[in-house]
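The next part holds the structures, each set out as structure tokens.
Common to both upcoming complexes is chain A, partnered first by chain B, then by chain C.
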Partner chain A sequence: MTPHDSNNAHDNNNYAADQVARASLDHCVKCNICETHCPVSAVTPLFSGPKFVGPQAERYRHGESVDHSLDYCSSCGTCTLVCPQGVQIAELNSQARAVMKADHMPLRDQLISRTTLMGMAMTPMAPVANAALGFKPLRMVIEKVVGIHRDAPMPTARTQTLTGWLKKRKAPTKAPTRGSLVYFHGCAGGYFEVETSKRSIEVLEHLGYEVIVPKQSCCGLAQQSNGLFDQATAQILKLCDELRAGGKDLTIISASGSCTGMLKHEAHEIMGVDDSRLADVSTRIRDIMEFLLDLHDAGELPTNFKTIDITVPYHAPCQLKAQGMGQPAMEVLKLIPGVKAIESGVTCCGIAGTYGLKKEKYEIAQAVGQPLFDMVKATNPDLALCDTETCRWQIAKSSGVRTEHPIYLVHQAYGLS
Partner chain B sequence: MRTLSADVVVIGGGATGAGVVRDVAMRGYKAVLVDRVDLGQGTTGRYHGLLHSGGRYVVSDPHSASECAQENAILTRIQADAVEETGGYFVATEVDDPAWGDDFARGAAATKVPAEEISVSELLTLEPRLNRKISRAFRVLDGSVDGWQLVWGAANSAKHYGAQILTYHRVTKINRDGDRVAAVICRDDKTGEDVTINCNFVINCAAAWGGQIAAMAGCHDVQVVPGAGIMIAMNHRLTNSVINRLTYPADGDILVPVHTVCVIGTTDQKADDPDKLVISREEVQQMMDCGELLVPGFRDARAIHAWAGARPLVKDSRVGSEDTRHMSRGMSIIDHDSRDGLKGLLTIAGGKLTTYRLMAEHVVDQMCEQLGDVRPCTTANEAVPGSESGKTYQVTHRLHAREEDRLDDQILCECELMSRRQWVNASTPSHRPASTTCAANCDSAWALVRAVFARCGPPGSRWRRSTSTSSGRPA
Partner chain C sequence: MSRVVVIGAGLAGLVAATRLAQGGARVVLVTKGTGGLPLSQGTIDILGYAPERVTRPLDALAGFAAANPGHPYNLLDADAVRLGVAYLRELAGPEVFVGDPEVNLQLPTAVGAIRPSAVVPAEMAAGACVDGARFLITGPGQLKDFHPQLIAENLARTQLPEGGRLAARWAQLDFPARPGESDSTGLTFARSLDDPAYRRRFAAAVRALVQPGETVGLPAVLGVSDASVLTDLTAQIGAPVFTIPLPPPSVPGVRLNNQLTAAAKAAGVRIIPGAKVIDHRSSNGRLLSVISATAGTPREYAADYFVQATGGFESGALHLDSHNVVHETVFGLPLVGADITELVHGDYWGPPQPLFKVGVGVDASMKVDGPYDNLYAVGGILAGATRWQEKSGEGIAVASAVRAADAVLAAIAATDQTPARDDATQGAQA
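== the complex of A and B ==
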């Protein structure tokens, strides 16, 4: 066994910290491009900015963590995306945060990192949970005790999980003509954003695919972004096993933009997970809009869409942009007659996973997202589109505009809703 | 023309001279140290940065090994602020014979150099970027030591005991009165003035320049041959501990983490003139290859600086080789009374920075003996100013400081994380930190350092305007 084949999280952490990200700091030419794009340093002086916290500060880090303000980084990944030198700035920050939190992880960060647990606990009592989370005095207690801001967006629990729906629904009537796909719904897609998963599955079935939904757990992204690398590593490898059980060599589709990013590159680049199972899954997984655009590029996407007359704001989430695949949703939406999708042009909505939930980060997250909320309201007060769950919750909560995954319009345009 | 007087004049403000002037002052002599430039601009500012554990010499030079082990412990105590306790390893790469490790282990035990064998997997967990073909590893107490901090620490201690430190005072002549030394003549290069320092005794610590100084006193043909070695600093620490090859001492066998950089070295080439050391292309390539052997990918990392220093190799047939009583291995004391018939002049050269305090002790002992004084050495018993807390240096210190003042100060030098306040204070001599090292991984930082340290511009004028600052940060 070479050290890198090991599943031992410690080895893996070292691999990431030392081989991938840390080596890249040498390439920084101090051009400041990352500084000008960081959505957090644009709104608060509390954060020293990506160049400082990344390639500069890293030279001063050895074991001990002394620069606690690095936790103001939201891990949005914008800096890494824009760096012309290939410095893995956001990855360095995430790794340094993991070292920092190794000793004193707040209970709050542990809790909000357990998306599945929250979903499982809330589903059976969804109406109660929703009402409770909408109840101001309770939220104030939660803020005080747990550190989740009283006004932070919370997912709406559903009465039915995706698995529940899959069990109860009528079997698809059309026999598959295009072979099979594996569907990865992610925690949110399984518990909170059930509608997005349903529509995605229905669209894929409409296209002629058999959609296999294996039993699946969390990708560990929230734990990763909160610096809990060991748990996150165990999570993602478990998930890889589950997705692989869905079928060998099948394409895996997901409408969970951020979880897809975790599988595609973050687990490897940030946590240094270097495991053949992850390598297998990460090369097979596609974002649903990316998949539809691929089909279109190959001339295989039916475009007999219904006309939908709508002008709709579209926001590409940071974690989607970080996947380096452009903005496939914009291209697909253009195929639907009548749809005029307007790209937000805003870097980040502020939430960055669980960042904007925390009481000490809430104001910053709101300031980051403000231009987006304004743009959304001005463009269409009734509907906005965005690919990831937490960003949708943030936009909806802060702008008051209903926010859906782009698949929503595709589903409608195929006459499925 | 200024005239001063002292019991003892120490020539050369490297580690040796600073150690000697501290020792002399602590023994109660009125002492003056002179250097032609600033302190630590000779070999002491151009060396490798390793605080030897002794491990390197356990087989080749057991006596030096024991001395290093003892002095390492003393310096970590009395000059804590100059020392980082990085720890170190001796590792057998694929080109080294792992069986040599047995000789090493035996040698370490015999010389009382603390060393323990550890498993390769433990080593790779601690230093994951090391060559995965390493077959054996020993842990030792190597550290890194900042030459400037060390020299200024010793000099400040000497000042505290009444010594005078005269920088930019170039010795041009040594006057004798019959068979005795009478005065040292210097040129103050800042004012152009000549300075005469009347004295009873002179200790020549000019190292690679020691032959030139001896000649000024009429002691000719003291042959000190400069042995030049090059080193290369890499932009960040590729390892956080000192990595030595587990082999008989050779070229390019040590990687030392020094502050935020790490330094690979070194070589040994005879030079003609210590002021004209050449860094050859071949040697640079040789060092990069050596680095690659320890850390795969070394050649792809960013090299930021190369420099050379000169070991003073004393080749003098008239050195009393039978008189080892006052000698450390690798160090030579030349008694010009017995060699040239001139009383009151000792030349000392060689040794290591790690053993500088011990060298000083030996030469000052010899001086006391010649003067007929009984004054014991106390330099090992007391911390120098700034090291009283006993807290050793940590690489995180400046990041920590900037974390504290990030909201009310501005960072001027980004590579070295220097705030505006630090620079403004640094340019005032009384506030100047003993050491502000710049690895110069950006040009502006290098310019800044030169501007302030050569004081070629009035503080706060030229360099302030010409320095770019971090964008988006509050001024």
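== the complex of A and C ==
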């Protein structure tokens, strides 16, 4: 059916061998720039760093991995972003890890990758789920049996899903003046971060768009980052079909920074998914702050914002930065009078999707994020901003500071809340 | 407000972008990756060899330029270099550099050779190789690429450039950066030295080795984020301290990169990393936009002016194909110095290779000799220099960056004052 069907992680190293990522390793000039930026090797001697496990060790891999410290790479993507020679270091690492784990994939890694399942199971019994996950003895059992660290951040279940809200809310009163957009909410945006999705949709409607929210499932990012490429590939193609059903040629908007990255480039570059449906979606999808900034650059964003007097820390997630568009939220926040957004300047919060949940990685993830937690607390103890869900949970849990998507302030500045 | 796109985040690109933003332009800096600063010693080399060793670089500049037609120093004179260096010092902050652009210091390298440079990180100043100096060279055995014995013995047997000799002895410390790590990079040591408790233990270990009258030469790993490491260590060791730069990752270079990136952001520069320029649009002899390869779909950055700071062969801005043809990879610009048969001669230790002088040609305002009226070039992409051999890379970078930025700001001011009537700037409104 699709050209990648033979790219099976369980066979051998085929999918990696086929990929441009592997070819790029010959461009490495050993400048060490990637080593200076890696947030994991900065805090632990257990990980030898991107150059060593990437272009260096890759030369010796023939299916079998020669450097098992590879498993400590969090797949944050920073090394690829900063490499001046275009070596796809993070992609190489993710591919090699999938091969390394193929025959002994921990149950834990399979479980935590099933984001939608967790959301669906938790929503109807949200108060119970929240209480249970806040219950220390239970978390200790989970840590022992499953391997999820007892202190790792867990999402707060909501009593209403986004679909529930969309069904129940009053239809927008203003007729659209700017055409239609498709909204991709991601699993978190559908089940846990419902408020972010609501505010995003309301901002887009306020701007004059009709927002279409097709029925949609998971992008498979968590499975991809855990090396479960087959399941992830099936997931993302299903999602592409669903998003495409929202409307032909329409721009797709999302407030899930990392899921957007999966659709834009990771599925193709890491898993080698080479499918016209993915290519179609990946060229049409925009991060919501990227979209707002593009409107502004084109002179089409109303800036009649209310003044909000606030100094607020802003952290750009690594998977957003990896998309090569800078930090659009910073530019949009500058347009709101009174808002003084302070860029965290920290590479990564540590969580990297599901990395920081794992009991053997938890301490490392906390050490990675520590400068960020300190910066956030020192800048504003009441509010921080960040574009990706799991990063927000991590920042909120470890700093104690409430953390929202930047759309939160845009919504408020338009007088919508 | 006029828009300017700067391409490249090395020394030249960061300085040009910041100056443009401070001058009131709306600046976007697009870059493929981090620039060359983390590979550099963090020093500002103006002119080290012409080809013989230079002691007063700015005095030597005019004669050197005259002897090397086509060298960027024919367009950028001593005053241009003074201006560039002064601006860089202002951006980096008052405590970062010491030295004088007029005079070269002669400083020890990681192999114990002696290298000329003019303006250097404060931590290197005490390493000046002058007659009668007494050095103790020491560092952790767990640090890659730092060999105290090699450095000390080479220094001790060298006739100093300005005459006389120095005395140097060495000692190796057993001092890991992190427990259990046996071959750490300089950056790992620098991060450990940011921690005051580690620093105290390190200082105590060094102090135990020092004899009265000695100056201590350490590897250049004195912290990445804490600016007080040098003064703190000097006080605790109780002797003057200097550092010797290491192969990459070079800590003083990483620090300077951080400082200049922060300065650019503070000035309002929008930095877009991971954005390799792959295409552009133009019309009537003006560039309208550049297009970058970005996740998902290419992005277009329109502007009124463009500054190319893409470096040379080392950053992929120049490419030699298998037919011995050199290409400028961003815009396909015409190149100077590429039309010779022997781009690389076989004598590795001989005269400079012609290949490395290939680059783009510019006029005195750094405007590129090529098809576009609004494209300027700065830094390593300029034709005519063998930067690493001459030790001229940073001098050229800062002088050209300031010159180009000021020329663009002047052009913006001129068009702002003469609205509508000036047909030379049509198309700039795009």
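In this text, the second predicted complex is superposed on the first by the 399 of 417 C-alpha atoms of A that agree within 3 Å, B and C clash if a C-alpha of one lies under 4 Å from a C-alpha of the other, contacts with A are read in each partner's own complex, and residues count from 1 in each chain.
Keep this in mind: a contact is a pair of C-beta atoms (placed from the backbone, for glycine too) under 8 Å apart; a residue touches a chain by one contact, two chains touch by 3 or more.
Remember, predicted model here, so these are calculated numbers, not experimental data.
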First, second, both or neither for A:Pro45, with chain B first and chain C second: both
Which of chain B and chain C A:Ala23 touches, first, second, both or neither: first
Partner chain in contact with A:Pro84 - chain B first, chain C second, else both or neither: second
Touching partner for A:Trp165 - first (chain B), second (chain C), both, neither: neither
Which superposed partner A:Gly326 touches (first chain B, second chain C, both, neither): second
Touched partner set for A:Glu35, first chain B, second chain C, both or neither: both
Those residues of chain A which chain B touches in one complex and chain C touches in the other: 32, 35-36, 42, 45
In the complex with chain A, residue positions of chain C that touch it: 32-36, 38-39, 178-181, 184-185, 187-188, 191, 248-249, 254, 262, 265, 270-276, 292-297, 299, 314-316
Sites on chain A touched by chain C in the complex: 29, 31-33, 35-37, 42, 45, 80-86, 261, 263-265, 282-285, 321-326, 331, 343, 345
Chain B - residues contacting chain A, complex: 121, 124-125, 128-129, 132, 235-237, 240, 260-261, 297, 300-302, 394-396, 398-400, 402-403, 406-407, 411, 414-415, 417, 442, 470-474
For the chain A and chain B complex, residues of the former touching the latter: 2-3, 10-11, 14-15, 17-19, 22-23, 25-27, 30, 32, 35-36, 41-42, 45-46, 48-49, 51-52, 56-64, 66-69
